[in-house]
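In the two assemblies presented below, chain A is common to both, partnered first by chain B and then by chain C.
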Partner chain A sequence: MPLFGKSQKGPADVVKALKEAVNSLEKGDKKAEKAQEDVSKNLVLIKNMLYGTSDAEPQADIIVAQLAQELYNSNLLLLLIQNLNRIDFEGKKDVAQVFNNILRRQIGTRSPTVEYICTKSEILFTLMTGYEHQEIALNCGTMLRECARYEALAKIMLYSDDFYNFFRYVEVSTFDIASDAFSTFKELLTRHKLLCADFLEMNYDKVFTHYQRLLNSENYVTRRQSLKLLGELLLDRHNFTVMTRYISNPDNLKLMMNMLKERSRNIQFEAFHVFKVFVANPNKPKPILDILLRNQEKLVEFLVRFHTDRAEDEQFNDEKAYLIRQIRELKPIPGH
Partner chain B sequence: MDNNMCNITKSFESEEADGTDQEKEISNVIFSGKDELELGESAENSELWINQENSVDFDDDLENINITNFFHRVDSDQIIYQKKKRKLKLVGKYVMGDLLGEGSYGKVKEMLDSEMLCRRAVKILKQKKLRRIPNGEQNVQREIKLLRKLKHKNVINLVDELYNHDKQKMYLIMEFCVGSLQGLLDSTPDKKFPHHQAHGYFLQLIDGLEYLHSMRVIHKDIKPGNLLLTLEGDLKITDLGVAETIDLFAKDDTCYIGQGSPAFQPPEIANGLESFPGFKVDIWSSGVTLYNITTGFYPFEGDNIYRLFESIGKGDYSIPDEIGEPLRNLLTGMLEKEPQNRFNLQQIRQHSWFTRRPSISSAHVPFPPLKGDTWHNMTVLPYLIDHYYDDPCDSANEAQYFTERELNESERRNVESDNGNAQSNQSSKRSSGWKKPISCISVRSLPGCKQS
Partner chain C sequence: MTNYDGQISSYKTVSILGQCFDSKAIVYLANHLPSASLVAIKKFDMDKVRGEVKLVEREIILTRQLNHPNIISYHTAFVASSEVCVVSPLMAYGSCRDLLCRHFNEGLIEPSIIMIIQDVLQALVYIHKKGYIHRAIRASHILISATGQACVTGLRYACPIIINGKWQRSIHSFPATTEKNLNWLSPEILEQNLLGYNEKSDIYSVGMVICELANGSEPFAGMSKTLMLTEKVRGITPQLLDRTTVSKDENLDCGGDCELSPSILNRRFSDDLHELAGLCFTREPYDRPTAAQLLTHPIFKTIRKSLPLPELLKPALPLSDRVGYDTEEMEVFDSISRLSNLNLYSCEWDF
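What follows is the complex of A and B.
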């Protein structure tokens, strides 16, 4: 017990105090102002236990373990996230820092917080809906991306219905929120290769129907980003099955051909990288072949004049020349 | 592209243009008046202590000339060196710095991007040299094409390419790295890293490898010598000279050619199989790499390539007792003889040694110093300082002469100071007697000679 100053509060006390303060903040009663203060104060205490301060080292492992256990038992993480919009600006950032630190905690090969969140998936879904509230969207974003690093948590998010809300979030009018949502969306779809490949295969129709909407979005940034991500997804070896399926659908080919003619040169260029896969496919299904044959001359003519100023880009020119040759040499399947 | 190449230096000796960077030219009284050629070569030898790049030339010379004919005994303080101004050289927008290392294809030097002020490394390839290597030019072209497509934190990034057709040189500008994992290993007494450090590198290797495989690239030559490190400790997979890209529509990853470094080749290649699954080749060599950086040994050894391949082909090896679980299990999984049974990247990722951060058991191995510089200061800076701040008249007349003894003295101090730095804890007493001499750094550029 220190001789001077207040006695040091243990993790249990701090967590209890914080929980009471958040509850009181939630009710919004007269003591709200006092509650706000208590929340901030206790959050700083917890943060200092985990990260230390300029004068003090982080607490010993045993204290941190106690703290984590208290956080799980009290269900405080969820409570904090649910009331994130009521907490003041600095407090929101502290919540995210505490959350991310606790999440990364390891005992041997186990990640106890990840296991805990697996049993409390509401935490993830609450974080995801955070994108609907401007004042907390970015805080939730940092926590979500930290969660997405863990395959078990990414899986829960991908396979939830709430995942499809991302198709809406990436298009919201506030640019910083839309971009933050897009980076989380991309992380979920690309981070864990096998998980993502399985997910895309199993939910092919649903995902790509939604994806089509992004490609047709009114918003230029959404269109361009989603087209670029589509190219990356299809060309990733892990998604081979998805790619073969995607390039067998004539509607997808039509969409790409239209995007080749978009006003934006950047979109044209990204579309080229998806379009080339359709043409390079050695086993083109008949509907695809038919479309290409019907447009054979126009396509050749178009490609010859396509982005001629990219003389420096050797690879692009090689690919373009290859496509032109391929299209020129296309022949209908005999017997039809 | 020729316009990009410009030389600030007014006069360039043919030697210098050849890339034999004469940071300093030294000559001495013994040779004055004798054949110019020998003079140059031997002078290079006497500067070996700083500039090791010419050692090969010197060896050649030894065979040709009977050197004793030229030698007269001269006291070291009679030999006088003169300091020469460093000449600033620009290639495109890049300012040339000092030599970082040498590969089979050419030199690697430091550079500074004069627009972005970003440190870079440049691989200088000479067509003359490339032609001597079988498939040299072809491989380089293929590698460049491949590198242009790749962009990942753990794969070396090709920033820019410049060509000088007159000199038949190609400059590949890359991210700046301090050295390879092999160099770092060589700097340790028992050629291995503490587990926590090896773990950090292995995680990054797997990240980079996963990216390469997702881009359908099989590296085929994963080994510590091909894993570079940046100053921040990021690992970069490099040297895609023998890498193979599998076709976008290939049903599987079957390969037919294996041409990496023998000690890191899997049994299927050692046994000369006609075809084998490609991705598993990289898993095997990553396994050998992990084995190597955690134990200091190789799982398979042999006096010559036949013995080595015989031993690999059998697939019998042992893991030192000091390696406990779960690392032992991971190594066994990656060094599984049958490619089908060998771990894949997913299994490695989920392995308990992978997911668990090993506790810090012993001190982190630091980067070995480059030519005595522990901090890897930017070597471009002295050139810039000389170019912009040095008054040429000043430096020509002031005390710019050194005797052999002074040179040796400063070299000795340099070595001492390195040792001192290495054990900086205890060395404070030892090193307090003298200051790190400034002269030994400025001595770097020692040109033409004067007789004393």
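What follows is the complex of A and C.
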């Protein structure tokens, strides 16, 4: 594409042409094939303006600013996402790349695209339901994770009813989609510490009822990943209140003790990192203490033989030795 | 179009094709029962995979987002017990490394090399255009289909060129767990200096593959990693072994250690092929041609009238034609995996 000359289309023209093409693709009329071609072509033009190519630099800021303004005004971002399943394979990825670039746009400390999406939260919800559709799930995933980097957008997603659909998405039978959904799910629950802690505290019952299902999933990968994430959430000091609540529930302790004995060594290992929090708690509620006491000898014997081949992992061995000592020294609360 | 489902019971494993990913994954030949078609299933034993879960995920997700006739495609990927199973079309000749080990210890003939390299370069044009660097181009990551099409695989080592919403001019991250690929990597990746590297480093690896396919042996085989690095940094690279590069006297001089067979000493690769390898090995990445530029090299015109690759690969036969698979091996394997599933230690908690 020449940098100068009459043939070059400005941002307004490209956005207009793309919008028309997507509209006719949506209608599915006779010209669908032509529309498909036009969509692809104009997407590439926009992508090249933003990223440049191997032999051309990206366009100047002023052009990019114009382009962004046109995209907001024409409502094209939403339109593209709503019609993502109709766009061809390479075009879908181009949409995601254009979206992600525009999203990162900054003017000083402001992020105009983020502000725009806050007023058009339908964009986020459409992206989230993208996980329902195999052919666009991964494309939506890359856009969602990019959105989740911004606290304002992460908040809208976390506090929506649609968020609970993730508990289903992370368990779908297609491995790549489930993994991708899990990355997004994890990003939403861990990226913005204070936001996440507040969210978990306020929605403790609902979230952990759903979370329980993941920990009991038939799917090995879901079980392992959700257990690992649980450990990370509980050990994050921002989530202190949530942790205290979690380790006061004897059902949670029982689940972890059973997972310590799972056949999979990785699951045993991840369960260990949650189990240790129950034991290390200086103020164990009675039901928790009772379970530990009832199994005191068995636990000590079990832990002594637990993952003895991890000799090189110093931290693990220190923690294990500490747990064994703690459990050995457990005593019933006097007067009971 | 056949629908390859995510039910492990739909796939009957027939034999083992090979191992990969440090033996954490095994590739099986399997029969997809509903369609009665042969497929390859790669099973990652996730219990052996500790820190590299992300690598497995990345490979599968990236491969699913690429669509090119010279890049391996996946029918589906699903979880069955503690394994991640990836179903892909059967690559009936296996990898180029398999071909070299089983049938062509002294290398492939020139037309075969050119055809394979052409396919690899086409895959790289696409991969680079889509904003990725492969970082592990080597014969074992090039698979050959029954019709003789070469498909690139091994995308778990790939990295994106677009970072933080920007197309990067150079990349500085060093690929994790890449020990086994070091010999194929470009000097600029290995140096890990401030200049970084870009997609041209894949082209250097293509040069390594040309030599690997021509000579039959892995580049820098038996050499220490430090010496390999020094050689590359000094611009010393492997050569195509033929009568123009190894003289008979030289061969005798070095005693018994590196004695080459008469067929190597008498063969002659074309000047074009020597030149192609040389272009790939251009020391300065900026001056090194791109994949698209290399494809315009006249050498690729020489194969227009050549026989198709499967003819040239004889006596190697595509897998689907071989009869009597190694079922015995499968049985031993099954019983081993049954044994390892026995729970040796169990205790009951008292709740």
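The rule is simple: the second predicted complex is superposed on the first by the 327 of 336 C-alpha atoms of A that agree within 3 Å, B and C clash if a C-alpha of one lies under 4 Å from a C-alpha of the other, contacts with A are read in each partner's own complex, and residues count from 1 in each chain.
Simple rule for what comes next: a contact is a pair of C-beta atoms (placed from the backbone, for glycine too) under 8 Å apart; a residue touches a chain by one contact, two chains touch by 3 or more.
Bear in mind that the values here come from a model prediction, so they are computed numbers and not experimental data.
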{"item": "Partner chain in contact with A:Asn23 - chain B first, chain C second, else both or neither", "value": "neither"}
{"item": "First, second, both or neither for A:Asn85, with chain B first and chain C second", "value": "neither"}
{"item": "Touching partner for A:Thr209 - first (chain B), second (chain C), both, neither", "value": "neither"}
{"item": "Which of chain B and chain C A:Ser173 touches, first, second, both or neither", "value": "second"}
{"item": "Which of chain B and chain C A:Asp236 touches, first, second, both or neither", "value": "first"}
{"item": "Partner chain(s) touched by A:Asn73 [first = chain B, second = chain C, both, neither]", "value": "neither"}
{"item": "Partner, of chain C and chain B, that touches more residues belonging to chain A", "value": "C"}
{"item": "Where chain A meets both chain C and chain B, residue numbers", "value": "none"}
{"item": "For the chain A and chain C complex, residues of the former touching the latter", "value": "51-52, 54, 58, 89-90, 93, 97, 100-101, 103-104, 138, 173-176, 178-180, 183, 219-222, 224-225, 254, 257-258, 261, 263-266, 291, 294-295, 298, 301-302, 305"}
{"item": "Chain A partner contacts - residues on chain B that touch it in the complex", "value": "145, 148-149, 210, 213-216, 246, 248-249, 345-346, 352, 355-357"}
{"item": "Interfacial residue positions of chain A with respect to chain B in the complex", "value": "106, 108-109, 193-194, 235-238, 277, 280-283, 314-315"}
{"item": "Residues on chain C engaged by chain A in the complex (per definition of touch)", "value": "6, 46-47, 50, 53, 57, 60-61, 64-65, 67, 76-79, 81-84, 86, 128-131, 162, 164-167, 290, 341, 343, 345-347, 349-351"}
